[in-house]
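The structures come next, written out as structure tokens.
One chain, subunit A, links the two complexes that follow: it is found with subunit B in the first and with subunit C in the second.
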Partner chain A sequence: MTKAKWWIYQIGIPLVLLYAFPWVFNNAHTIHVAQSFLITYIVIVGLNLLVGLSKQLSLGHVGFYAIGAYLSVILTMKVGLNFFVSVIIAALVAALFGAVVALLSLRAKGPYLAMVTIAFGELVGIIANRWVDVTGGPAGVRTSQPSLFGFELGPIEYMWFIGLLAVIITAGATNIFRGRFGRTMTAFGNSEVASEVLGINVRGWKILAFSISAFLAGVGGGLFAFQNQFISSTTFELNLSILFLIAVIIGGSGTKIGPIIGTAIIVGLPQFLHNFVDYHLMIFGGILLVALILLPDGIVGAFTNLSFIKKLSSKKVTTELGILHDDREATIDLPDGINGKLLELENISMHFGGIKAIDDVEIEVWGGIVHGIIGPNGSGKSTTVNVLSGVYMPTGGNLLWKGKNITKYAPHGIAQEGITRTFQNLQLFEDMSVLQNVMVGFHLHFKTGFLKNVLYLGQVSDEERYYAQKAYDLLRIVGLEEKAHEKASDLPYGEQRLVEIARGLALKPSLLILDEPAAGASPKEIEKIMDVIQRLKNAGLSIILVEHHMDIVMNVCDYITVLDFGKKICEGTPETIQNDPRVIEAYLGGEEVNQLVAGTKSIS
Partner chain B sequence: MKKSSAIFLVGFMVLFTILAGCSPQVKETGSASTSDPVDSKGQDTFNIGLAISMSGGTALFGEGVKRGVDLAVKEFNDAGGFEGQQANLILYDDEAKPEKSIEIVQKLINQDNIVALVGPANSGNAMAHIPFVQEAKIPEVVPVATGTKITQEYKDADKNYIFRVAPLDGVQVSAILKELIDKQGLTKLGVIHDTEGYGQGGREDILKQMKENYNMEPTVISAFDPKELNLEPSIREMNNAGVEAVVFYGLAPQSAKLLEARFNEGLDAPIYATWATGDPTVLNLVGDLVKDDLYFVQSYTIDQNEVAKKFHQKVVDTYGEDVFPIATAQGYDSAKLILDAIKKVGLDSEKIRDQIESFTDFEGVTAIKSTPFTKENHEAFGIDEVFIATYNDDLQIISAE
Partner chain C sequence: MDLTDVLKAIINGLVYGSVYAIIAQGYYITFITTKTMNFGQGDFVMLGSLIGLSTFTAITAAGMGVWIAFIASLLLVIVVVGISGWALEQVAIRPLRSWHSIGWILSTVAVAMIVRNVAMLIWGRDVLMAPSPFGRAILDLGILKIRYHEIFVLVGAAVIMLLLYVFLKKSLFGKALEAVAFNKDAASLMGINPRLMASIAFIIAGTLAGVGGVLVGPMVHPGAFIGLFLGLKAFAVAIIGGIENPRGIFIGGLLLGVSENLFALYSTSMKEAAAFFLILVILAVLPQGLFGKRVKEKF
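And now, the complex of A and B:
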């Protein structure tokens, strides 16, 4: 049913429209504009994946566009390949360049990444301009008429051909959007660190996102080169990159139909302004500026924010996920509990310049218990968690996991070993629903590859359904099943913490680190959180609990390590800790501490 | 599963081929055919297209040409038009970008049904769009773009629809080299050019002509990025190489920068440049620096004869000032060629083309001859129509003779 619908909406109707277009608007100029629209659209779809989903700002797409254009021309004219083969090869090379740009700018974010990409675009532009023997420079080169199987493509056939590609690419992009690839891209676009601790290799994924985007820009460039049978380096300038980006934003970045609307505006709008010879650029710029200011979420974003459409779409979400059911008991999938030594911190130190955040700390964490780490503010608790989850690499000492040295592992490597965490300062994926947040947690358990996802084979939808149900089960465990389809960031603080716990559980961890899970939660929510922790403990999950709330710590933990000024001051069972004079001293001593320890008062 | 998808794929390809096979023919109705709705509005107007840059680096050329073409159209209409039909000028901005140029030229041809076209200012834009003009059989007169290849592209075709009323690079270079090598007997020439289409095209022509005609090479070549506008290093290179004259290929803002750089660094050799350096922008930017040892190619000066003087006066009367006399004059002559042809043969684009090619009694305001074109030659300006000019003490452009 949904499948047939998909074929009609994604493939059938666009193809019919495409086929009908030249019969209705039979005019070389209209055909030309339609070609330009389709070519630009392909580029925008790619840029939307990059900017909209994974939030990587690129102002250098003209570089990939130019590589696609020039390389396909060279391959066709000088090597003698068929034009379409050349376009695909050129696009693959552009994708390679995309990967290189991503690699070079891994540490750069936001404006710095934009700078790197601008530099790349300009570099390609300068090469195109100055390497006249190969590119023809600003004077340009003529290219051949595109042909397929010896059949020369006239303007209309060429438009159909680009249209066919655009339909296929749109279908692929939509599949990426709704499957795990889109979810993962959105996830690391929202929070890199949370993605990492769920096992997502953010570096690799950024490279993938850049490559896909660059590939599509390359395809667009290649098709552009044969559109007019002429290219010149004056086309490939920075303002084109900016225009691409504007199309993404103005259409509605990260939305499925945003690219269509954005492209329609940047390609279509100028067509109506030709008559205002002296002012057309001013009017065009003005309209874009006003649109960007008034509709920061883009046109599609603004429409979906309208209340009646919101109602419609939320209805759609529930029907789509109507598969979720409550009839069977929710169970947590966990690896077999380990009773021996799980994690060892051997003389771990973490120094920031002269500050010793933790210094020579030794902790042993045993399986099947809840291990508490407490200490006053600034005692090194958070640093310890960051070291354990791989967010920080310790400056000294070793981290042993089941006897294996994992000191130098990146967070996603540690996640692969079965350790994950929640965050004191919440790191939910804000653009996603609660259910999708939890589904990201299953990242390491998904099996289907990129191609299968692009085609959205049966396996992929089976897998999606399977893990959606699993995620729903986890939400039932933390008591949030009714909010499964709400936007994660709309939930109250305490419930967001529960979502983080459910998301961590999705990894099927051997060790779950809870970083102040009760901070900022209401007493009622704290009760709920405590209940969840208790149940997880009963299920045999090993937990490290970092917490300020003494009532939680004393009631839940089996073993406690106390830190002060980056050093371990004592450890033992809750009883031992309660009576240890060093702990009392660390907590400022006296009556207050007794109250704290007894749980009748809390610090934060 | 696999088999069915293979069948599906094949079926799809077959369907696609069939559908593609019976595609509609693109209508390329360029000439004002009677069935078009635009014409049914009334038989009293017909459209002339002007596709030129009104923004971007060559915008001033566009503005100058627009005034000239406007004037020619106005005169034509005031004189009664063609059998009562008035000419209507449709102007679109090509933003100095080739892909835009193609877009608007297609729009002019297919939606506005122009009978003839004037434009553009950039050689790259001309190269990009002339296939569409040639195919639609619309005569085009180029008033500014100087790339040598533009009129050569279809010289072997049955009918070449592309004409030019501007000093092309090849002729400008010939004029400069003739002056420097033949007349003055210099041997050490330096070349400074920008890295845009204009400068790169010029460099190519200089190298080719020096090699073929004189078996020489420039002593030193210096390229600069027009966006950077830092020309002191180029001047230093010229001084270091000890050249006897500098050939400069760049647009007005760069010419101004060159003169400033010369003022700062000092240069022993005179500068010989193209007609772009005669752009009044240069004078506005650097004033007195244009005097002394600056020469450039021109096809028109406002005081070259009575006709030119009168034309200049008319431009000033109409627009208040003559922003770019030579561009306006060339634009005027370009449009006048088309309109005079229409007066003689009517509104059939093909006949207009034939008429432009076979004029024997044309009267323009530039140095254009009464028989400007032949079947082989679509250039209004040959080596005899251009001359070397310079600024006099009153900052007027005069012939250097």
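And now, the complex of A and C:
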């Protein structure tokens, strides 16, 4: 979208509609409903960022909403601040609480996460209900008429004011959606571990996502307090949190237009149902159930799933990002090759309870070569990779990277040092296109900050275009440029593995760990993967290759370490390995087995 | 505050806690088999207590004995709420089994809304009085007085828990359920039908909610809108104990019940807040609950 068009669609038209609204529907009730719509919409935009992009469930948003409402009332009435200043301060405090809730729930998942957020919301509700001196409890508390620069805002002006905020917030949210912030949130919502090994500090990002979402809920709460100049604790109950979530899901979670439709439904439906007050819950529940069953991706999601809309949008992406495909050879950006000792595993052990997955293993990895790690099933290869990438912290021993001790580093810390990996069990970001998957890999190279992204300054779009081109070039290297805009999860297995390799390359790693890159791939795909590895090797990239397919290992590796039952049994060049009796024994069983097979010995 | 108050609070806590625990076992059974739960479990409890109440009053009014009335109402509740559990699985869980985690929360909430509305149309908006088969009889131990109904609930809950335990651990069906929980595909290859297991899990969950409702009815004032509070407490219990550990849930239930009633000695707001405060503290330290097992993810 060009700049001018964006201004017209995102800012111009909504503002005109807003301005015209009171002239078309000029009665107090409609204006009030419009206010409610806009206030709720702001909350839903925030919740959509959290639930839709980063897949973090919150059933406690009413807590942030209540904090925004009560605090802005207190700041206005007791401290005497202007209402809008109070709302902003209150929303910032709500954001702080968002960070606290995120911290408390960092390790909790699924129902446990749901419960943490419910508990938070309920606690705030109980405080609102019981701390009567401050909150007024169920009897409520009054506040003043909102005013700006000495000018009192009547219902219509107040609606305009909220509307203006809603338009600004929408624009900011859309900018987050299309830039790297939205992409990063979607990424860790899809796969936390893959995000980590690409250098994303998932904890920090979760806290950020929760804070933004809580901030917007706080803004909504503050605006709500001044809508009727009255709030009471009966508003802030779990039901409201559930209602917010319903709006996100029915509208279409993770979509840009979803919140508008979702909010229209939860605000508008009760208006139509107020004649059937006895059947209200039943009708609402019925509609919700039917919508969930028939439109699992929400109303907007159902539309975007239509194939012709899909085609249209992928075409738009290419032109918007200005991706070039010329005849020049795509090159790989890599750090300068290192020839010395890169990585040392000093007596590394990883024990799970009594199981010694790897035990006292020593490996030295040298720069510029392909170092193979092989071994039969259960020999500790995967555990080794998990230790090397920081996914597991070893129970013993040290990990030295260019002489520096990185044993205790989190995966994103290890990624910052220039080590990344692919996954045996594919960890692609399924909601994203192939190109976007690779673009996430550039995470550590992006420079623009949060504010610039919210405003989507020229720098941001330049950066986006620059890395889109880079990502496209990487896809050319692995031969997937034609599938750049397909959904990553729609690709065949072998190609998904190539996407993971391209994504890892985007980090510009000094060391790339390939965890069984050929597992599950067809012979033709294996050939392709082998060719890619060979070319990376020629480009001077240091690689650790964990693999089952002996033909790949023996052809590509310069040096091989063999593991068996968590121990290193030997290492050396492919020739040495092939002729080592210990390796043959580990793979085929020893002399005893030969005798058993030949029938010269029997099990007694 | 003297010792009698504390003792009374502890006994009260055990009584309520054991009811929470029974309701929460419903979360456990459906979660291990389908990775989903009925977020409206509390409304099934409400349904149980109201149906129980109406049946009990109707039969005693016809002049029959209280025990006949009680057993009849228990049986009716088991049938009706059990069927509701099955229906819930059919309309709210089965059609959306394949999607990500948020859908089932809302779909079960949607069913709960409908159930609540129906209850409201039948029993009205106000809370009612539910009679106990023991009437208002009180056991006087000198230092403290306990209602017979409370003793009955405590014993009843223990029996139900024991039956459930034997059923899950010893019966072939229980083993099949566990097999599905452990590995759905492998269980399916062994001739166990995971879909059937899911239906049965929801029927059991519904039954537990119903029985919990019958037991708890005379202790609270049941009405169409009490479900949310009970369901939330039971959910808190399941999370505190660790949702995949039935014994943990039982201990979690007693723990919550007792601490809640001890907090109540200080103030009623503390009582309300206790459950949620406890949860935030426990989950911050042990994200899988007190007795949940930690699984190291493999990549």
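List of remarks:
Simple rule for what comes next: the second predicted complex is superposed on the first by the 576 of 604 C-alpha atoms of A that agree within 3 Å, B and C clash if a C-alpha of one lies under 4 Å from a C-alpha of the other, contacts with A are read in each partner's own complex, and residues count from 1 in each chain.
Convention: contacts are C-beta pairs under 8 Å (C-beta built on N, C-alpha and C of every residue); 3 or more make two chains touch, one makes a residue touch a chain.
Keep in mind it's a predicted model, so treat the numbers as computed, not measured.
By the touch criterion defined above, A:281 lies against subunit B and subunit C together after alignment on the C-alpha atoms of chain A.
Looking at the shared chain after the overlay, A:79 reaches neither subunit B nor subunit C. By the touch criterion defined above, A:229 reaches subunit B but does not reach subunit C. Contacts of A:130 after superposition: both subunit B and subunit C are touched.
Considering which of subunit B and subunit C touches more of subunit A, the answer is C. Across the superposed pair, subunit B and subunit C both touch subunit A at residues 129-130, 278, 280-281. Taken in their complex, subunit A has these residues touching subunit C: 51, 55, 57, 59, 104-112, 114-116, 118-120, 122-123, 126-127, 129-130, 193, 238-239, 242, 245-246, 249, 253, 278-282, 284-286, 288-289, 292-293, 296, 352, 382, 386, 391-392, 423-425, 427. Contacts from subunit A toward subunit B in the complex involve residues 19, 22-23, 26-33, 36, 129-130, 132, 137-140, 142, 151, 154-157, 160, 164, 224, 228-232, 234-235, 271, 274-275, 277-278, 280-281. Listing the residues of subunit C that touch subunit A in their complex gives 31, 35, 37, 91-92, 95-96, 99-103, 105-107, 109-114, 116-118, 120-121, 228, 232, 235-236, 238-239, 243, 269, 272-273, 275-277, 279-280, 283-284, 287-289, 296-299. Taken in their complex, subunit B has these residues touching subunit A: 16, 19-20, 23-28, 54-55, 91-93, 95-99, 102-104, 106-107, 109-111, 122-124, 127-128, 131-132, 147, 149, 195-198, 200-201.
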